[in-house]
Amino acid sequence: DSVRIGLVVKALGIGFFEAANEGAQEAAKELGDAEVIYTGPTSTTAEGQIEVINSLIAQKVDAIAVSANDTDALVPILKKAQQRGIKVVSWDSGVAPEGRQVHLNPSSNSLIGEMNVKLADEALQATGSEKGDIAILSATPTSTNQNIWIEEMKKVLPQYPQLNLVATVYGDDLADKSYRETVGLLKSHPNLKVIVAPTSVGIVAAAQAVQDQGRIGEVFVTGLGLPSELAGHVDSGAVKSFAIWNPIDLGYAATMISYNLVKGESSDSAIGMGRIGTATLDAEGSAAMAEPFVYNASNVHAFADIF
Amino acid sequence: MEKIMHKPLLPRVSLSYRLLSWEFFLLLITAAVFVINSLASPYFLDPWNLSDASFNFVEKAIVALPVAMLIISREIDLSIASIIALASVAMGFVAQTGAGSPLIMLAGLGVGLLCGLINGLLVTRFQIPSIVVTIGTMSLFRGISYILLGDTVMKDYPQDFAYFGQGYVYAMFSFEFVLFLVLALVFYGLLHKTNFGRRTYAIGNNPTAAFYSGINVARHRLILFVLVGLVCGLAAVLLTSRLGSTRPTIALGWELSIITMVVLGGVNIMGGSGTIAGVFIAVFLMGLVTFGLGLINVPGIVMSIIIGGMLIGVIATPVLLKKFRNRKPAP
Amino acid sequence: MKTLLQNREVLLAVLIVVLALMVGLVTHDFLLPSNLLAVYNDTSILIILALGQMLVILTRCIDLSVAANLALTGMVVAMLNSAYPEVAVPLLVLAGALLGLILGMINGVLVWKLGIPAIVVTLGTMSIYRGIVFLLSDGAWVNAHEMSGAFVSIPRTELLGIPVLAWVSVIVIAVMVHFTRQRRLGREIYAAGNNPTAAFYTGIQVGRLQFVAFSISGLLAGLCGYLWVSRYAVAYVDVAAGFELQVIAACVIGGVSIMGGIGTVQGCVLGALFLGVINNALPVIGVSPFWQMAISGAVIVIAVIANAKSERKTGRIILKKAALQSH
Amino acid sequence: MSESHSLFSLRGVSKSFPGVKALDQVRLDLYPGQVTALIGENGAGKSTLVKTMTGIYQPDAGELRFGGELISLDTPEAARSLGITAIHQETVLFDELSVTENIFAGHYLTRARSGRLDWPLMHARAQQILQDIEAPIDPKTPLKFLSIGQRHMVAIARALSFEARVVILDEPTAALSHHEIEELYGIVRRLKQAGCAIMFISHKFDEIFAIADRYTVFRDGCYVADGKMEEVDEAQLVTLMVGRTVEQVYPKVEAAIGEPVLQVRNLRHPTEFDAISFDLHQGEILGFYGLVGAGRTELMQALFGVSSGVQGEVEIGQQAVTIRSPADAIKAGIVYVPEERQAQGVVLELPIYQNIGLPQLSTINANGVLSDKAEYALADGYARRLQVKAPDWREKVGNLSGGNQQKVVIGKWLATKPKVIILDEPTKGIDIGSKAAVHAFMCELVQEGLAVIMVSSELPEVMGMSDRMIVMHEGLMVSEFKRDEFSAERIVSAATGG
């Protein structure tokens, strides 16, 4: 009997997760006796994910690997899944420790925070200014990982006195709202040099807004996004560089971890991730996959066709 | 045939006959879905699975009951999901003070009731169409939840609070499900067996004549809005308990699925007709369809195509049949 | 008495000006002509959709599927553009508008021929249309670099200092003013919504006009599909999610009666502008993002109460009058 | 006259609604230059025929000939293009649109080249037509600001805006003042001279004899007779209509007049009426007369608690009462049979017995739980007593004819055992048979000790039935007459403000 793993994403139809699914399928193929069920709700709600998880429980899958829309709201249903003997892994966006066995961060949160600040600093230098204002454009005010990253960024910022954080706004992962918020930032902060958007919808909209406002070269957008979605904006010059971890690897690793949990091939402190190596688990069962990778004009097109 | 447009959905047959046949029709479809599901997935006919699946729709179903009555009285409430959110936020704050489950529950019910009262007062005092009022309060109530909670989460609920949304009364019969059955009975009685229900129908059919018959139409509708708010508060208790936490995004988008349930149940969106039995069956129909499709891992958005198609199809079928029947004996 | 009706629109206009002035006190740049133009430009799509929606509401219907229609046509147009970049953009726009028209006609036929209430029909088609976006795109995005240069740049090209997007909305407004005042079909839409029975007696086919209204609303949504996708240079499943409620709110604030038969183009445009100013002002004056939703909700409620007060007839209590003419 | 001369003729026309055969093989001929009166009791099928002749309904069977040609009228448009135009019983117009637009809706005038609407021309034409019928109405006013009578004139103007060859008037005078009725007669005469074929439906015999040349009688959806007006008298027509003779039209019975039950002192309303004071005694029928728009309906609605902003004192049996809603009024013992039967009187989708039980659900079912049996029993008594014509009291009220619907409304109120019953135009659009029944019933009521207020625009009716009469003009009580002082001349002069 093959090992059946439910790969639950925040919502279907998001490029990042489609790429993660690719990695998951790759892992399944490599393992031979694993089957990945890729699924997720229509919109990024906890209730929708619970529905999906319910049907996975009913199908008696062996493991569930979930990128959560809500750290806490999924805990009861995932506890139930565990009671029914299902292994639970969260990846990308985590679930509170009671709700899962292992959490796989794409990278360490502090590393992501640091990376974002570093990118902002690079972007500031690209404008030719010594000092300048930066702003953060986030997704919804409730997204777990965004909030953690923003917090991490704020921890690092004091080391970069030339960066002056003036605002944090929320585009709710809606193109029009993110666009409007960006325009608002540009208007209300004339000395703004950098917009950091650690969200793939937001960064695209922000780049478009900067371009439409004719501020290319004066203001740069950076943050986290997919090469395929940002290639055009790197070309336009609105984005100098941005970072992302490899979503294919992330899906791959989450699948491998789930498989190994089901097979009992793990210890309290380490778990295999196939070709990626071995993840080290901390006391709360979280692991980090890899460092985020930086993309710019030199390499973005090579990756745009992949994810 | 006559071509008068303003009451298209009411074939001129006796009310009870028409409704009976509608429910029968729904029941048939539901049975068909049940059979198809059990053939399509080996996991379907498992009592525990069915019980788990019921959690996906029971809270919405509970709200659908008073909403059905409200729609029969020619009003509508689009703010229901936002009321659930605000009630849940209120419960979160009460829970934070260390209060026990009864007090938390009371807070949820109270805020729900208050929201319903606000909707009702706006509609009846200012005589504004409820669809318009509740489009506004929909943003308002959820907006207040955002103001209060921002990006934080409330999860200090006491242990025993989990019972409402996660507990079982007997074997696989969850508290939520049993509560739904009880409430369905209560609302069946209220709509079909009481003066209040009769007045609801009279108001839905002709509010002016109802008013001239000594019925306090405004108060009646106010009560219905309050009832909807109260039940939203109750749904908030169940949902919050099930999730074990509160965020302002809770129950996002539920208003449309609840109204879909009600309409699918044969309640005329223009008011005046519909039954609790119809809504009761429609709830299961929708629950079974989504669960069945979920078991074969159909993406949620494809399900929504199917639900949308089903909504139109189910409403259109009787109309089409009638047209077809009328065409045959051409003079 | 006529002045009373006009007053409501004047009132709304005054309100918008006051609002803009207040925002201007906080951020002076807000009142710069260039910024006001930008605000108008940003509201253009809302205006166009609201005008389509107005026609539908005038006939006592409602179109909840506009945003889904926009998403679907936008996705189709974007996919076509990325697959065949050589096809001229105007042809694509036409294709989008036609597709939108067809989607609107589907709504219209269901309402007209089967007599299903519009809210039910469009509740259904709204899920169906958006679901089809997912099926077509397989959940993938169409991104900026996959779109041709012309596709993205046309709406922002400036003619006489005004972007094409704004021009499009100006033209739509002008056509609508003409249509609702000077065209038989436009007037018949008012008649049909005001009193369906009377309309039928006078030989006006109410159902056919509902069909026409839905078709126009669909056509405009199709047009906006292109405008939206090119403005934000991205197409994905959730484009304009929930936007239908903004569109309806714009109509309602603009004094379009949800009971049908009442509403003007100018009111509707003002309603949309009102929301547009708020949407654009709140981020600028630095209102906490957590307050924005509550504020726009409160504004809708207040606007609607104000409308209801000015609409209230004197003396008699007039309850909703059922259409109960004997047959 | 032979059939070949008739302009519009119907043969064997049938039309059924579920459960009702509204028309059964009827025939009708309309001749150019002549007025044909269509006579029949409520529910005889007159309005249904009108709608069949104007393309609103499609007949189930039968043939229609126009100028000898066989035609079919699939849409109202088809009828209009032949020059068939009707003023329907219920004025169906557009409240929000201007008078001009109400006149031209559906056949707007356009500029030849651009296809744009020609508003100046339409306003001018509307002005012209309104002037012709001596209706001083500004064509640019929205219809909602007009009175009922003015609306009716707009409907007439609309009918005249077509190149009409057949003009159908379904009870056109029900809402018109004397002056307007005279105007209408003039219009009819002009149309006759222009060679139009006219069909005139009315329950008022004086009118029929005044303007009709021919008559056709229907009974229960069937054709009964036709002929020339010269050859019949009123009694014969009545016999044809109801199938029996009706002896007395106003069966006024003197009842013992007792204590005052209702005392109204200085009742006033900011916009509708002022300074209304009167007493109503047990066993009395108090008539309210006035032209349409005199404010009687508003006053009655105020007494019934429908209107807001009303001030003044109302006493029931020496007890001051505050009436803010119909519920208050019903509790105080005042009930109101409204003028607008279908909009205000009945719930069309509910069965007869539920309509009758509606105002006192809480009395029948004190514990709040419905008892169909009790409700049905209550309804049965009153429906029988009022002789509602229906197969069963479970029949939907919407399936009844106007007269029978009116009986349901009256039954509904009697069941509440009121002290004062207000009847607003109780016999408007009701045939002579049901009318007599209603009148007889009023007498029964006062004999049982009720007090009745009757609002009517039919002078003979008010004079025939009332013990006392109050005449209103422009929202004021202008005079009061005792039964022995009744004089048509003085009443009319008071009503017209003379």
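The first chain written gets the first letter, and so on, giving A, B, C and D; residue counts start at 1 in each chain.
Just so we're on the same page, a residue touches a chain if its C-beta (ideal position, glycine included) is under 8 Å from a C-beta of that chain, and two chains touch if they have at least 3 such contacts.
This structure is a prediction, so every number in the text was calculated from the model and none was measured.
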Worksheet item: Relative to chain B, which chain has the most distant C-alpha mean position?
Response: D
Practice prompt. Averaged over CA atoms, how far is the centre of chain A from the centre of chain B? Could you give it in whole Å?
Written response: 36
Discussion item. As a quick test, compute the distance in whole Å between the mean CA positions of chain A and chain D.
Written reply: 73
Item to complete: Round to the nearest whole Å and give the separation of the Cα centres of chain C and chain D.
Response: 43
Discussion item. Give the residues of chain C touching no fewer than two other chains, as numbers and ranges.
Written reply: 134, 197, 200, 237, 290, 321-322, 324, 327
Discussion item. Touching at least two other chains at once: which residues of chain D meet that condition?
Written reply: 17, 56-57, 306, 343, 348
Worksheet item: Hey, what residues on chain A touch two or more of the other chains?
Response: 12-13, 43, 141
Discussion item. Once you draw an edge for every pair of touching chains, what topology comes out, line, ring, star, complete or other?
Written reply: other
Worksheet item: Mind giving me all the chain pairs that touch?
Response: A-B, A-C, B-C, B-D, C-D
Item to complete: Spell out the part of chain C that touches chain B in their complex, as residue ranges.
Response: 62, 110, 114-117, 119-121, 123-128, 130-132, 134-135, 196-197, 200, 206-207, 237, 245, 248-249, 252, 258-259, 288, 290-298, 300-301, 304-305, 307-309, 312, 319-324, 327
Worksheet item: Can you list the residues on chain A that touch chain B in the complex?
Response: 12-13, 37, 39-43, 45-48, 50-52, 54-55, 57-60, 70-73, 75-76, 80, 140-142, 147
Discussion item. Please output the residues of chain B touching chain A within their complex, sorted ascending.
Written reply: 41, 43-44, 46, 49, 52-53, 55-56, 146, 150-151, 153, 155, 162, 165-166, 239, 242-245, 247-254, 290-291, 294-295, 297, 299-301, 303-304
Worksheet, complete the sentence: Residue positions on chain B within touch of chain C in the complex are 2-9, 74, 122, 126-129, 131-133, 135-144, 146-147, 150, 205-208, 211, 217, 256, 259-260, 263, 268-270, 299, 301-302, 304-305, 307-309, 311-312, 315-316, 319-320
Discussion item. Using the touch definition from the top, list the residues of chain C that touch chain A in their complex.
Written reply: 27, 29-30, 35, 38, 42, 134, 137, 139-141, 143-147, 156, 228, 231-234, 236-241, 243, 279-280, 282-286, 289-290
